[in-house]
Structure formats: structure tokens, C-alpha cells
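What follows is a set of notes on a single structure, which appears directly below.
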Amino acid sequence: MFSQNLREMLDLALFWEYRQILLAGLAFNFYVFAVSAVVAVSLGFLAALGRVNPLRPLRWLGAIHVETFRNAPDYVMLVWVHFVLPLLLSQMLGQRITFAPFVSAVIALGLVYSGYLAETFRTGIQAVPKGQIEAARACGMGGALIMRRIILPQAVRMMLPEAMNNFVSLFKATTIVSLITVPDLMYRVSMVTQQEMRPLPLYTGAAITYFLLIWGVAALARAGSERWRRKIWA
Amino acid sequence: MADAASTPPCVEVVDLHKRFGPLEVLRGVSTRVDRGSVVSIIGASGSGKSTLLRCINYLELPTSGEVRIDGEAVGFERRPDGQVRKRSAREIARFRQDLGMVFQQFNLWPHLTVLGNVVEAPLRVRGMPKREAMELGRACLARVQLSEKADEYPARLSGGQQQRVAIARALAMQPKVMLFDEATSALDPELTGEVLEVMRGLAADGTTMIVVTHEMAFAREVSDRAIYLHNGLIEEEGPPAQVFGDPKSDRCRQFLAKLLH
Amino acid sequence: MGNWERLVWNQRDVLLQGLLVTIEICAIAFAVAIVMGLGLALIRLYVRPLRWIAGFWIEYCRATPIFVQLMWVNYVWPELIGWPTSFYTAGWVALALQSSGYLAETFRAGIENIGRGQREAAAAVGMSPILAFRRIVLPQVLVMIAPTIVTQFTVIVKSSTLVSVITVQDLMFQSQRLVNVWYEPIEILTATAALYILFIFAVSALGKALADRLRLRYGLGT
């Protein structure tokens, strides 16, 4: 019984049979990932700038942004953005607005991960020693120039490993967009499962695919960022 | 005000006070540094000598008093109508370009090469054309005898070499005054010599310098004037021969005597 | 405001019931994850023949998205090994699996960080290795990694929202059910989101305060 089931689980021929549909689904994971990463990095950077700003209202704004989205579960955010945000906007603008699932997915994941990334950015920025900034000020450099030329290049290298972790988490989170019918790999697996009634090889195939992909990319990213850091910090 | 006939001194400090919370670090310091002269500031740690230097280029905001560069106040502007206006951060940054600062901890930027460190301010702050900036940068590195290290990253250099790069970086702004904040204190004893040698060369070339230092022999040798600071006040001021050889103040005498033992 | 009263306040029993299920399933998953994580770390460090399996298992748990894990446990395990037999069990098993991988790595780093000197000092007063681990090494490790453990609990709470997909009646499930009854999602879903955010914020603030106090007491600073 067990060995028969095991064989069924590892019988990935079914998974292979549907490879074209399924891989097209995986492309959606990458698509959602890429666009939400852009959203998350931009918003996260702004929030981090707010948090290290000398102006108290901006610091508060940054802190509220970070604490709200960092503490919001991905799935709750996804459902809220997809089902509530369009209604709120409709009420405000006086016309009916709906979001395509893809748009909701990108907004929700972008917001949530902007919270994590903002903290990563802030930690990196604040890890740059004070003397570095003083030396720049002593050279007559202004705030924006110091941020761009002195702080950010160093901060980016310091925060890179943590930012990589954030991106890996973001990619993993893209698997839940199937729940608002973005046709990603998981969505298609559940569709095929309903047709074939053979969940074992399909879900196992999905798990293996995601595992290999994320594990491999994470290992590469770790090695790559470490090498880049070492090049200068030797 | 100073008499209008003579040119104003290169740096003038008038009744400078600096307070950190309840602690008054500078309690009314006034002095002047003429063009081409070398002034050394000595004193025990906590006497306020580093704070004085950092107030001169407004890395620390003075609580009250004035710093003037070539007769112009750094912190505020006297309008013709007699009103006084605080200067913006941008205007203060403009003044800092005329003041080269060398820090105790070097503070070289680790992500830029040696030459990159030196040309950063000429390129991005002064807006100098790239070729001109590179030429200037190489000339400054030559002055500190580090031409061959131009393309290295700072982390590969010894402490003494790093500090010499920091000096070149300050020189590249072609400042009116060089400020040295205990430039050799963070160095191993065997590395201080090369840095002092470079500073000696600058002094000989007629660079205006304000030097906060613990190196008494060096201060005595290169300065035109020495200032002994105690508890935020100038306790003794004069030619080095007087300050180091025959101080009028007992505190200064004791301070120097302690150093000799 | 009438909507808030009708849709949220009057339904508070249902929502709180859901929150209780959330807390319960997270607590179970957390407890299991800590035990599993410690076990995996010990195997990886000290049980040479099983080291590879533990290492692979840890990597698998860390690199597989929680939603995929949940579906896998829920659909594949029952057919493969006849367990778990309920959605509820599948829920906490998936959550525990996910966190055990992270916790194992945290435990391992912590244990490796406690120097050999501590073990030798324990051996020198006649402690057996097991006693030394229990009395000397483990307490120090727990103090050291307390903040990471707190973070991991908040991760479990966030991931637990997904168990509603397999019909475990947690807060997320109850709130979506209310939405399906009235078709008025604004108030219910906003309240639910706020509840989750506040709950997780409170847990991490409280946990961080406790962890800081613990570390301060042992002079580890923060």
C-alpha cells in the first residue's frame, strides 16, 4: 500500500505531461515577483528615508508604514487589496473600479514587502559609520549627494544578504496569488488536479519544482552577494 | 571690529561657546589664524580642542559666538540693513569647501579607490571637469608620496598610508586652511613619522594649518603659534618657544611636565 | 458607523472564536516546531550518519513556500501515510514543518556559538555531555536566540492565515464566511486586517521586550 502510494507520488510523468501549462504558470510567479519587487523596493526605500529623516513627522510616517505592512499577513493583505481597496476607491471617486487579480497581487505583495525592505534598508543606512558622513560634510558635500555617493554604496553592500532573504520570501509569497485566481503554477496544479483526480504526483511535482528553484536561486544569490561584498571590503 | 585697513585674518574665532546639554565644552574662545601660519592647539583630553576644531568648520554647531573665514561669518549673514540671518546648510557646505579636514580615524570612503576618494569633492562638489580633477588628484597624491597607490582600495593600505590619502583628499579641495584633528593619534607609533613628515612639508610650503595634536615636539617645531586649551578656555597662547619653553600659566607648565614623564 | 456595528461589533463572538482557533493552531505549531527544530539541529550536529537527511530536510522546509507545503501535507500525506486525517492537523503540521527548518538553523548557530570552553568547564566539574548540554549549553542558546524565536512565532501567525484555505475555522476563515453572508467586505475585512496587524505587532513588541530583558539579565545587552 505504502510503496504503491510512494510510486504514485514519485510518478512525475503526469506532472511532465502537463509541463507546458504548468511552466507557463511558473512564468506568472516570476512576473508577479518582478513587478512587486519593483514596487516593494521603491516604497521601501522611501519609507526607509522617512525613518532616518531628521523631520519628526516623516519619521512617524515611515514608522507607521513599516509597522503596518511588516506585521500584515501576506494573505490578509492580498484579500484586502483585492476585495476592499477597489470598493473604497469606487466610493471615493464615484465610479466603479475593479482590480485585475494580477494588479491586486502586485499591490498587496509590493506593500507587504516594502515594510520588510524598509527595515533592511534602514539598518544598512544606519550601519554606515558616522565618520564617513562627517568626512563628506567636511568636503562640502550636501545631504542628497552624501546619501547618493557615500551612504548608499556602502549601505547596499551591508544590507545585501538581508535584502536577498527578503526577495526569496517575496518569491515564496507569490505562490498565494493563485488564491485570487492569478493563473500561477499552484493555480494550474489545482485545476489539473480537479481534472485528473491525482493530487499526489501533481502537488509533489509542484513542491519539488519550487524547492529546487528557490533553493538554487537562494544559494546562488548568497554566494554572489558575498563575493561582491568581499571584492571591496577585503 | 578689526581695523578695516589690514586684510582680515584667514580664520577668526570670536567668543565661541559650545554646550552639550549641561556640559559647556567651550566657554568663550577667541583667536585668529593668519594666512600662511601654522597654529597648534594642545591640551588634555576633554579640554575642548577637538570641539574647537569641529566648530570651526561647523561639523558642530557653536552654541554662540562666531567663526569667520576671510572676514565672512560662517554661521550667519549680516545684511546691509543690519539684520542677521542664519545661513542654510547649503551655504555652510559652501564654506566647508575652503576648509580641509583630516580626522583622527581617517574616515576614508571604503567603496572608492584612493584616487576616487581624492577626486570625489572636486568632481561632485566643485563640478570640476573630469580630466582636470584627475590631474589635481594625482598631484595631491604625489604631494603625500602615494602616487603608486592611486587605484588601490583604502582597506589595502596601512594606517599611515590611509591618513596620507586623507590629507590628499583634503588638499584636493584647494582649501584656504587645513584642519588636523589628532591626525596621528589612531596610528601605531612606527607609522606616525610618515604622516608628520607630510604635514611638515605642507607647513614648509606655506599652507595655513590648524593642528590639534599630542605630538609636542612636532608642534613646537612647526608652529608659528601654540594655544594651550584648558576646560574650554585659552589658558596660554604665544610663540612655541614661550608656550613650550617658558609658559606663564602653571596649568600649562604642569600639563607639559606630565607629558615629559 | 452603523455598518461597523452591524457587521463587525455584533459579530465579535464569531471573530474572537476565529482568533482563538488562530492562537491555538499557532501555539501547537510553535511548540512542535521548537522541539523539531532542536532535534534536527542536534542530529545535524552530532548524529553523523543522519546528518545528510537532517540537512536536506532543513533545506527543504526553508526553501518551500508555506502554501505549497500546506497543499502538499494536506493532499499528499494522507494518501501516502494515512496521516494527517483532519484539515486542522494538516494545518499545524505544515506550519510546524516550515518553522522547524528555520529554528533548526538558529539552534545550530546558537549551539556552535557557545564555545568549547563552556563544555570543558562542565566536563571538568564532572558533568556528563548530556547534562552539560541541558544545564549549561541549552540555557545560553535559548537566551541568545530568544529574539529569533519570537520572530519565528510571528511568521507562524502570518502563515496561519492560509489554513483557512483548507477550511480550518480560524480568524481569516470566519471573516471570509461573514463576507460571504452579507457581501459587504469593507468593514469585515478591514477589521480583520487591523486585528491581525495589531495582534502580530503586540506579539512581537511583547516578545522583544521579554527577550531583551532576558538578555539584559545575563549581561548580553540587546
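For clarity, chains are labelled A, B and C in written order, and residue numbers in each chain start from 1.
Keep this in mind: contacts are C-beta pairs under 8 Å (C-beta built on N, C-alpha and C of every residue); 3 or more make two chains touch, one makes a residue touch a chain.
Remember, it's a predicted structure, so these values are computed and weren't measured experimentally.
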item: Central chain of the complex, centres being mean CA coordinates; value: A
item: Taking each chain's C-alpha mean as its centre, the one farthest from chain A; value: B
item: Distance between chain centroids, defined by C-alpha means - chain B, chain C (Å); value: 56
item: Centre-of-Cα separation between chain B and chain A, whole angstrom; value: 48
item: Length of the line joining the C-alpha centres of chain A and chain C, rounded to whole Å; value: 21
item: Set of chain A residues in contact with two or more other chains; value: none
item: Sites on chain B touched by chain A in the complex; value: 57, 59, 89-90, 93-97, 99-101, 103, 105, 107-111, 120-121, 124-125, 153, 155-156, 166, 169-170, 173
item: Contact set on chain C toward chain A in their complex; value: 59-60, 63-69, 71-72, 75-76, 79-81, 154, 157-162, 165, 172, 176, 179, 185-186, 189-190, 192-193, 196-198, 200-201, 204
item: Chain C partner contacts - residues on chain A that touch it in the complex; value: 2, 5-6, 8-9, 67-68, 71-77, 79-80, 83-84, 87-88, 172-173, 175-176, 178-179, 186, 189-190, 193, 199-200, 203-204, 206-207, 210-211, 214-215, 218
item: Touch list for chain A against partner chain B, complex; value: 129, 131-132, 134-143, 145, 149-150, 153-154, 157, 232-234
